[in-house]
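Structures incoming, each one as structure tokens.
The two complexes that follow have chain A in common; it is paired with chain B in the first and with chain C in the second.
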Partner chain A sequence: MTQPLEKEAQAGAAAGTSGVPRRTLLRRVRSTATAYGFLVPTMALVLTFFVIPGILLLILSFTNLASVNFGDPWNFIGFANFERLFTDRFFPKILRNTVFYVFTTLILFNLGLALVLAIVTTNIPRRAGFFFRLVWLLPRLTPSVVYILMWRRIGQAEPYGIYNQLFPEFLGASGGNLFLGGSPWTFVILTNGFVGASFGMIIFTSALLSIPEDLLTAAKVDGASAWRIIRDIKLPLIKWPLLFIATYQTLSLLTSFEYILLLTEGGPGLFTTEVWALTAYKRAFATYAGNSQWAFGATWAIVLVTVALFFAVIYVKLFKFDELVEEPRIDNL
Partner chain B sequence: MRVELDNLSKAWDGVVGADRITLEVADGEMVAFLGPSGCGKTTTLLMVAGIYRPTGGTISFDGRVVNEVAPKDRGIGMVFQSYALYPHMTVFGNISYPLRLKRLEKGEIRKRVEQVADMMGIGDLLDRRIAQLSGGQQQRVSLGRALVKEPQLLLFDEPLSNLDARLRLAMRGEIKRLQNDLGITSIYVTHDQVEAMTMADKIAVMSKGVLQAYDIPEALYDRPKTLFVAGFVGNPPMNFFDVEVMLLGGEFHAKNESLDLIVPDDRAAKAAAKEGRVVMGVRPEDVDVADDSSPRVEGLTLSAKVEVVEPLGREDLLGVVVGGVNVRLLVDKTKRAKPGDLVDLVFNMDNVQFFDPETEESLLWA
Partner chain C sequence: MTITEATPPHHSTSPFPKVREKMGRRFAYGFLILSIAPILVGYSWLVIATFSIRTEGLLPRNAEGGIGGFTLSNWAFITDDAVWNAMLNSFLIAVTMVIGVGVASTAGGYALSRMKFAGRKVFLTGTLVLHAFKAEMLLIAIFFVLRWLGGIPLIGGFIGFNSVGGVALVMIALELPLGIWLMKGFFDNLPWDMERAALIDGASRFRVWWQIMLPQVRPGLAALSLFTFISGWNAYLVPFTFTVGTRVANMPVFLSQLISDTAPTNWNLVAAVGMFQMIPLIIFFIFTQELLLNIYAGGSKGT
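Right after this comes the complex of A and B.
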């Protein structure tokens, strides 16, 4: 490769300045063409399976397409779906549920428990740490239907649920119907949190283990207690993994609904544990009197995606991801 | 502060890191722990720092056993090979961290940090981030952080190993001067015997977790107590020959198949008392190449072929082979030795060493 290039350059230099620009331009076009060539397969995939469906979904949200009028030409109804969404009697409740579900699970489990697990399992003997992390990975390895079935067996009301059978009077007021019956949110958040915590746990563990031992020794010698080492040294040094997990898990919690669907179907009662993504799913795919409201479901999804994008931008701005790039060092004595 | 290690040991699942180390560091002294990688020097240092818990023996500061005292309560400052600076803090943040942990008042912290920073010549860098500093500057910050809390004992863990050669030389002098001026008792871990010889008041030579010798540098060089010390202290290292020492015609001779050298009586007598073969050690500077004018003294001259010549600038390091043994010698570069030359070697036997081949202990100084 280099030889012809060198020859060309030499020839160009020998011919004087006039011949050089055209050749370099030609070469530049050729090399960018190669670069684009490599991008084509990925771009095609993204376009086909992400951008185009996204645009279709957006268009869909302005129609009244449903299973009852399937086959008819698309009937555009303007912002009617959006109006219907925001004036929905249960819209405030769904919004509140979603915010509560996302941030409670995120803070208590996906970040909080994950961090505690990572710190604890890196401060006990290696094998024990490995064992406990493996145990905490089990929920993620279990198929969701199996996993939720187990939780339902634990949390159902008497006489089916193990927990309520064993402790019918636990915490007094439950009356043998704690959890799924009495406090369904506890169960929704526990089931999601136990799965969600493992991701952060793995990332935080590797980040914590990559902190040089010397830094921790230095901090101990400097007079830091175990708590101060966590606060002053460990947490700041795993700042980027923390922010990454916070961003990633907010977005994935916003769009996740399958555990809730399997566990409570949004109940018990009306919209008690129904979150936005679940509503979108139900409107689009579940039938109301034999009718699947595809367009209305698409509207819920579009608004949700917009909200998620908004959060993503806020996180990127707030956490200054561009500062990850370090300034060059000045090398002298 | 006076530091005493008494039978200090550390073992992990049967692997011995340090084996019954006993030594004393006098107040204000600088002691080097010298040895190859894995000899236990850093293990011992980390026990003194309180990071590792000894599995046997005691550490005492000024006569008080500190085995159970936490690192933060030992009054120590520590400097690391990796600098171990907190990358998310500024220079000021790093140096002030020990003081902030002590909850000193803000003005006092700033005053003391500035004082130390000026002493280290980094007063204008206090607002810089660590990643913006060069290696030398980082090591100064690290020293500043160790000094700012006015420690009773300074621990250095190969502090100069990551610096380039010139900077290492400069920092070596600086650390020594600082330690002298401040009079802080110091322990300095290094694998570089030049660093140990030039900086330390006393050197503890360690190998495989065992303290081989603990003495002043000159003593280690002139009167090595073990074969290991003789081979490790000194650069280029001492040459060793398997010989038999015997009295022949009123003079002591060190003999084997390929050499026969006359040895001064005082040294040879002790070696001759030992039955059979002994290990004879001769330093590279005690072997010279004879030129036309130098006298060939019978019994001190030996001919050999030059294999390698390494010019060191002031002198040449020659590699020759004597009876199948590689011998290294330092000669004046005016001798102009070339590979392949047949030369006469002249031995100065006044500093010759003898060791027991089984116990590896010196026959002269044990």
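Right after this comes the complex of A and C.
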């Protein structure tokens, strides 16, 4: 219904303005000015908290600024920080940890379990499915400090730990602390995975529910098994949400460290569960012998930021966002 | 036609598909219950610990080591001013964020959805890249920006390092890409007839936005506000990094201070404070279930 109207309006606008180019120009300038008026708060915030910090981070990584020489003029030391970073004794370990953490959590939970949960909860009665998805959302809504508190309690040593009480001699439980002893990675991945899975679960669920019912009925009538329906019909139809979650969550995992900071602080021992993002944070904000190495932390951060931006650009390209950048429907009346 | 009537899925005469279906369903429930077990166990401990002297695993213990020991003493912190101060800070951060994110995203989302201007494409792609890009990595540099903001005369004390306003501003910026993206989506879905009529009648863009568009995106704005409030209420990393001491601590930071103290931690007190902090979230959880489960789905529709 609106289609012809819209076209007519556009045609009218074009016909009316083509004769008076100067007015068009003026109008265009004015409309751009109005648009930027609406964007003032956004621009101010993005400039202050994204653009300037981004540039600052890059500059910082070429200095030796730390809390001991704070107040002195910034001293530029070239690529020394980068050299130090790549020759760091723990650099290979941190890199390995990061890759392991990101891809294990992504494949097992943020993508794998998320998909399984979405498929299972859409194959049982609607209300039951809704209930389970709602419970799965709880960890995401829980304050991180409280959430980690629960997990710490589950993994604590005897007699306080819940796991040790329930399964005294089972699956590696030896009575000791689990997250700072026997199986720190299991706990790091579980804590992150239980939050991460719900995002994919919600997106996949809505994608699965929007598959036309007759398509599934037709397959059932043809005698397709549940597994074949999933493999040959459902999965191909939710290919885009799957790709979206994969890229988006890779990025989230790559730069997130809050739960690890609260759970193990990168320990136990030296760099056992320390990931790249946590190193950057700890170098800059946790003090080593009273000294916060802001510049060195910034160097770790800027390398990660570059990787993250690279992923972000791929993700924008991958999802053909020019479709979303289409011209607005209303303009220049 | 005849084929479908002969074998409708749920009136099957053969016992086997039914048995298989039943098995499948049992397996599904078994899996789901198993999967939420750690979540339920964690919350059970929180509730039990809140009301006991001490706990071993999930069992409350009394002074003699038997099961029991119910107490309300963990909740004595309710009369402590420090808790209420933290609560107030949490609330101020969350509310400032709701307002800030709400204003910036509805204005920015409207412009991006409805107006044609030079640089629009850059803005849209930029928002998207920022949305994908996690800003936690910029915290080191934001530290310097906040110190600088704190040096501004008059208002510096409210928006600089170690102030509630500063934390709120940083959090607003972090939430903004998602907010703009969601609001643009909501505006995109609105019919434009009313807006067009108003513009032809000579109303200004601002008036159209305020009087015609905003009332129509109210459900979307409500969903965004809910999520912004929750993320502000739960904020830990930003306030932890950019505040010092107890004056400006919000609830999560206050709670982490209870744990990281050098003295032995009273875990039952920690559990009670954690529970206390979750009260508004539990209320949201009970009354806004549909909204909670649908926001991400709605927001990603464009993708």
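In this section, the second predicted complex is superposed on the first by the 270 of 333 C-alpha atoms of A that agree within 3 Å, B and C clash if a C-alpha of one lies under 4 Å from a C-alpha of the other, contacts with A are read in each partner's own complex, and residues count from 1 in each chain.
To be clear about the criterion, a contact is a pair of C-beta atoms (placed from the backbone, for glycine too) under 8 Å apart; a residue touches a chain by one contact, two chains touch by 3 or more.
Everything numeric here is computed off the predicted structure, so don't read it as measured data.
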{"item": "Partner chain in contact with A:P212 - chain B first, chain C second, else both or neither", "value": "first"}
{"item": "First, second, both or neither for A:K220, with chain B first and chain C second", "value": "both"}
{"item": "Touching partner for A:P236 - first (chain B), second (chain C), both, neither", "value": "first"}
{"item": "Comparing the two partners chain B and chain C, which touches a greater set of residues in chain A", "value": "C"}
{"item": "Partner chain in contact with A:R228 - chain B first, chain C second, else both or neither", "value": "first"}
{"item": "Touched partner set for A:D88, first chain B, second chain C, both or neither", "value": "neither"}
{"item": "Contacts on chain A seen with chain B and repeated with chain C across the two complexes", "value": "220-221, 327, 329-333"}
{"item": "Sites on chain C touched by chain A in the complex", "value": "3-4, 7, 9, 24-25, 28-29, 31-32, 35-36, 38-43, 45-46, 49, 55-59, 100, 103-105, 107-108, 110-121, 123-126, 128-130, 132-145, 149, 169-170, 172-174, 176, 180, 191-193, 195-196, 199-200, 205-206, 209, 230, 233-234, 236-237, 241, 251-252, 255-256, 259, 267, 270-271, 274, 277-278, 281, 284-285, 289, 292-294, 296-297, 300, 302-303"}
{"item": "For the chain B and chain A complex, residues of the former touching the latter", "value": "46, 49-51, 70-72, 76-78, 80-82, 84-88, 97-98, 101-102, 129, 131-134, 136-137, 145, 149, 155, 167, 170"}
{"item": "Complex interface listing, chain A residues touching chain B", "value": "212, 214-215, 217-225, 228, 232-233, 236-237, 239, 326-327, 329-333"}
{"item": "Touching residues (chain side chain A, partner chain C) in the complex", "value": "2, 5, 9, 31-32, 34-42, 45-46, 48-50, 52-54, 56-57, 60, 113, 116-117, 120-121, 123-124, 128, 130, 132-139, 141-147, 149-151, 153-154, 159-162, 164-166, 190, 194, 199, 202-203, 205-206, 220-221, 226, 240-241, 244, 247-248, 251-252, 254-258, 261-262, 277, 280-281, 284-285, 294, 297-298, 301, 304-305, 308-309, 311-313, 315-316, 319, 321, 324-325, 327-333"}
